[in-house]
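Multiple structures follow.
Both complexes below contain subunit A, partnered by subunit B and then by subunit C.
What follows is the complex of A and B.
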């Protein structure tokens, strides 16, 4: 059965979504890529992976480069599809949704932060932050107050009308955080958010991310090489040999 | 709203020459459309003016003549005048003659025309045909134009020998020569008509050529319907509309216009290829942003529509500027020609033909709409083609490549 728009949450309060203690669940997820263009042979990235992200908790995935951490994050966020298994977002299986509903689910329930602080180059800091709300169908006038308050909260009140090219790496990443928080998502998914920053900025971003998640009662799924950052999260998983193993915390049974 | 805002920002983005590219395309479309508008308006104006003169003097709107094999019209002037939609109808005779000036020995062939009395004073005729000296009605002699006077080195009051071919008793036609004085002088708005036509008195020519040579000329705004009504009333008569009479010229004018449109269509085609390449380049440069937009919650269709819309916006802006420029140029055509003449005179030091040209521009809203529609469809198709092939990558792949 297809989920209704109400389940996906076309309104900001999303009372239905708040009933879920596990905003993201991965059930027996397997991901394989074709080894070459001609399609002969496959490379296994993930094999029967189970993962559950609890509401209000931070979870970090660590592992070597090429182990499949980012792939896991993209699958968890509905950016990519698993070869086998299920990914549930607030109880809704991504695989059962068409592109419109899947995009809407991503827009309202998940906030992404990437290493390369992918901002929209021609948009000002304020417009970048307002983008998810405008994609959700809200007007610029309606979105502006929350975007401004987020920018103020992250110390970017004087940078609202600057273009990304006029901002430092740390500032850009903070704007990416504001943008991820704009639609009050249940889960923040961060892929190496401090990877491109110097130590000072990296620590600032780490602190902000963890504090914001705790304060707002959101969940954080973090992929990082930085073990110090990872071990400040509630749960830490190591991705090795296509599977996850719990390194810290209690984890959560799917 | 987000799509429109993003498309507009993308279309005129400062980065990687996108703004320059879009501005060049906007200018190309604007100038092309303005040129199209000016050229088509001027051509319409010239066409209308030329055809109006032809219809007034040469062919009339409809002329009724006996069908081949019939001896004279079976339809009278009163029958024709009673047909609804006819502004004015008159009898006339047309034949050909050789005009010789015995003094100078010069000769020329001429079309001889004679209109029934009131035809010369009808509104349409009087606008294009002027008698400078003498009266055409009851004229004792022949009316010639200045051009023919110059051709034959004639002077006012001279005699000319005119040789007609009149119906004979035993032979079909026999030559008939007579000396005629130049009894009137005329001018018309068509040089070719003036230089090849002479007028004689209608009654005199009627007595010479006989009733079978009489035709009926008609002025009407509904030539097609009048012609078909005449065909219904009298199958023995042949009603020739001005389009049929001037078929060669009319077709040439249409062909000229069609060729101009084809030529300009090629220009728009080239501009739209640029639009396609610009969109493709934009898409390549913005692939990561496209992927980011998808991560933020845009559907694939939304992201594609942003890229298509930016091309459409560039086209629409070009069209609006083009139409405004075109209308401005058409309304100030004479001033533009004077300016061009001044510039040309500055460089050449002498007056140019531009200063004497008098254009009557005639803008057709339908042609403007069709031209805009054509350019718009072309732009949409080419922009879509620019988006279609490039945006193939999965978002995860693009974001992954952007991150590492």
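What follows is the complex of A and C.
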């Protein structure tokens, strides 16, 4: 057995993983991109960034466009690799995992919500919500009750068999939230989740996200332009000049 | 539930979803079916026709085994192995009518030569004729047509004597029957007369032979039958016995070559079809870049993506093969009566073919081409699906 299998949680209920107080830790993370495909120069996005997401707390990253907020979230979620430094998810360094284990770690411990809801267009609302559980190895029959209960909880009980193309932007985003919550992840990572919504829907999604995270004792890593939304989180960091500075809250020492 | 032990439920679910959502995949299914159907049909046609022609040669011309040179009228045989052993006197003759000439093998056979097995291979037309001093001959429909004669007409047989001191002389015979086996190539060189009469025409010892028909269970074990005959019949040696294919080397070799060529052509078509399925898989990946990236974003491993696409394409390939085989068999069976009708019309261009044959499914060959198609498509699709490794969730953000 691979030493990290228990931490990744091959079993969806993974009680062991709940013991980590810091589900996500970024240690001295640096990210640089090549200036151009053939260019020799590099652009630094993040420089020796440390960040710790505590269990049950919400953390927002704010900053100007192009400051690297989304890149930080992608790296924290194991979607992208840092040029230097480590990213730990429940104590497991993403860099030490093969594709299968990294995917499993992401599937079980992290729920993603993006501005573009990124739903599977050929799947109904219910199937989209069930997908993470089925990827984790659960049958459709086992996954259905929780998916239905989430959809019901977010006011989409009558939309279960609709395709994303038949839903409004707000409904799609709520389905994306249900999907993110499906496997009861430790962390929800949201990148401008209200960016594409009108004010009414945006406020509804903000409220849902913060309430759901608080009620279920999960952590939230939020990347947003919206300072009002950001300052409703427990901690707020400003990303500027490739580094994070704490704007609100106590933060947590890595 | 540990998803590693069985195919992941999402993989199965997504695979099924892809098959029904993708018109391209269904197109692939029908293309494979339309490739397989004529292949299976061609196999059925060629193998059944070759088996039919072989049977015509065996039952009307040579027997499964032929014992040359000696009239083993009292041949001792094992009844389980040998169905019939018929002594035959034969030789070549030129046949003349008032309008044409033909070179024929004249076979002198006894009354019981045309047993049930042989009569299943040939049909005879006869009419009541006035008694005559002339001996009778049975000509094939093809020969009668060529000579322009019918039942009751007289023809002259010119037989080259074995003894060089005697000069050839024609004898008159009367056409008393016309037969038709369905295979004009064989029919046009055969004729039958009474065995006792043939003894007077062909006096050489080499004109005498015994045709042995073997039980179906021993057709693949002719060596055992030969050994048994040699054992049971004193004085009979191995070199006197030849099998059908030894006796008709060129015909047999043509059949073997034809079968091999057909299989090679089928395999080439299958290779092309297999590569087509791999290109469908590639196209499917190309079309599905976004959903694949989303699936990977929510935790689907590359191996699961690859397996899902593989299951989709392979299910379609297998379904296409099964549908194609079904269609091919259906067409193969339906072709029988059509060809038979064409055969009865006596179309000249079809005279080289046996068209009235029993349709027999060559399961081994069908299985071989099906397995080849499945293995080749599976391998080429699996390799093509290596592309999924390059699709990462980050693609969603870089391309947005």
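What we mean here is this: the second predicted complex is superposed on the first by the 250 of 254 C-alpha atoms of A that agree within 3 Å, B and C clash if a C-alpha of one lies under 4 Å from a C-alpha of the other, contacts with A are read in each partner's own complex, and residues count from 1 in each chain.
As a working rule, contacts are C-beta pairs under 8 Å (C-beta built on N, C-alpha and C of every residue); 3 or more make two chains touch, one makes a residue touch a chain.
Bear in mind the structure is a predicted one, so any value in this text is a computation, not a measurement.
K.L.:
With the two structures overlaid on subunit A, would subunit B and subunit C clash, or do they fit side by side?
P.N.:
clash
K.L.:
Go through the superposed model and pick first if A:245 touches only subunit B, second if only subunit C, both, or neither.
P.N.:
Neither partner.
K.L.:
Have a look at where A:70 lands relative to subunit B and subunit C in the superposition and call it first, second, both or neither.
P.N.:
Touch status of A:70: both partners.
K.L.:
Kindly classify A:192 by the partners it touches after superposition: subunit B alone (first), subunit C alone (second), both, or neither?
P.N.:
first
K.L.:
Shared contact residues on subunit A for subunit B and subunit C?
P.N.:
On subunit A, the overlap between the subunit B and subunit C contacts is residues 70, 74, 79-80, 99-100, 103-104, 106-108, 112, 114, 116, 118-123, 131-132, 134-136, 139-140, 179.
K.L.:
In their shared complex, at which residues does subunit B touch subunit A?
P.N.:
Checking each residue of subunit B against subunit A gives 1-2, 5-6, 9-10, 13-15, 288-289, 291-302, 394-396, 399-400, 402-404.
K.L.:
Could you list, by residue number, the parts of subunit A that touch subunit B in their complex?
P.N.:
70-71, 74, 77, 79-80, 99-100, 103-104, 106-108, 112, 114-116, 118-123, 131-132, 134-136, 139-140, 179, 191-192, 195
K.L.:
Taking the complex as given, what residues does subunit C use to touch subunit A?
P.N.:
It is residues 1-4, 8-10, 13, 17, 21, 291, 294-304, 389, 392-394, 396-397, 400 of subunit C that touch subunit A.
K.L.:
What part of subunit A is in contact with subunit C in the complex they form?
P.N.:
Touching subunit C: residues 10-12, 70, 74, 79-80, 99-100, 103-104, 106-108, 112, 114, 116, 118-123, 127, 131-132, 134-140, 142, 179, 183 of subunit A.
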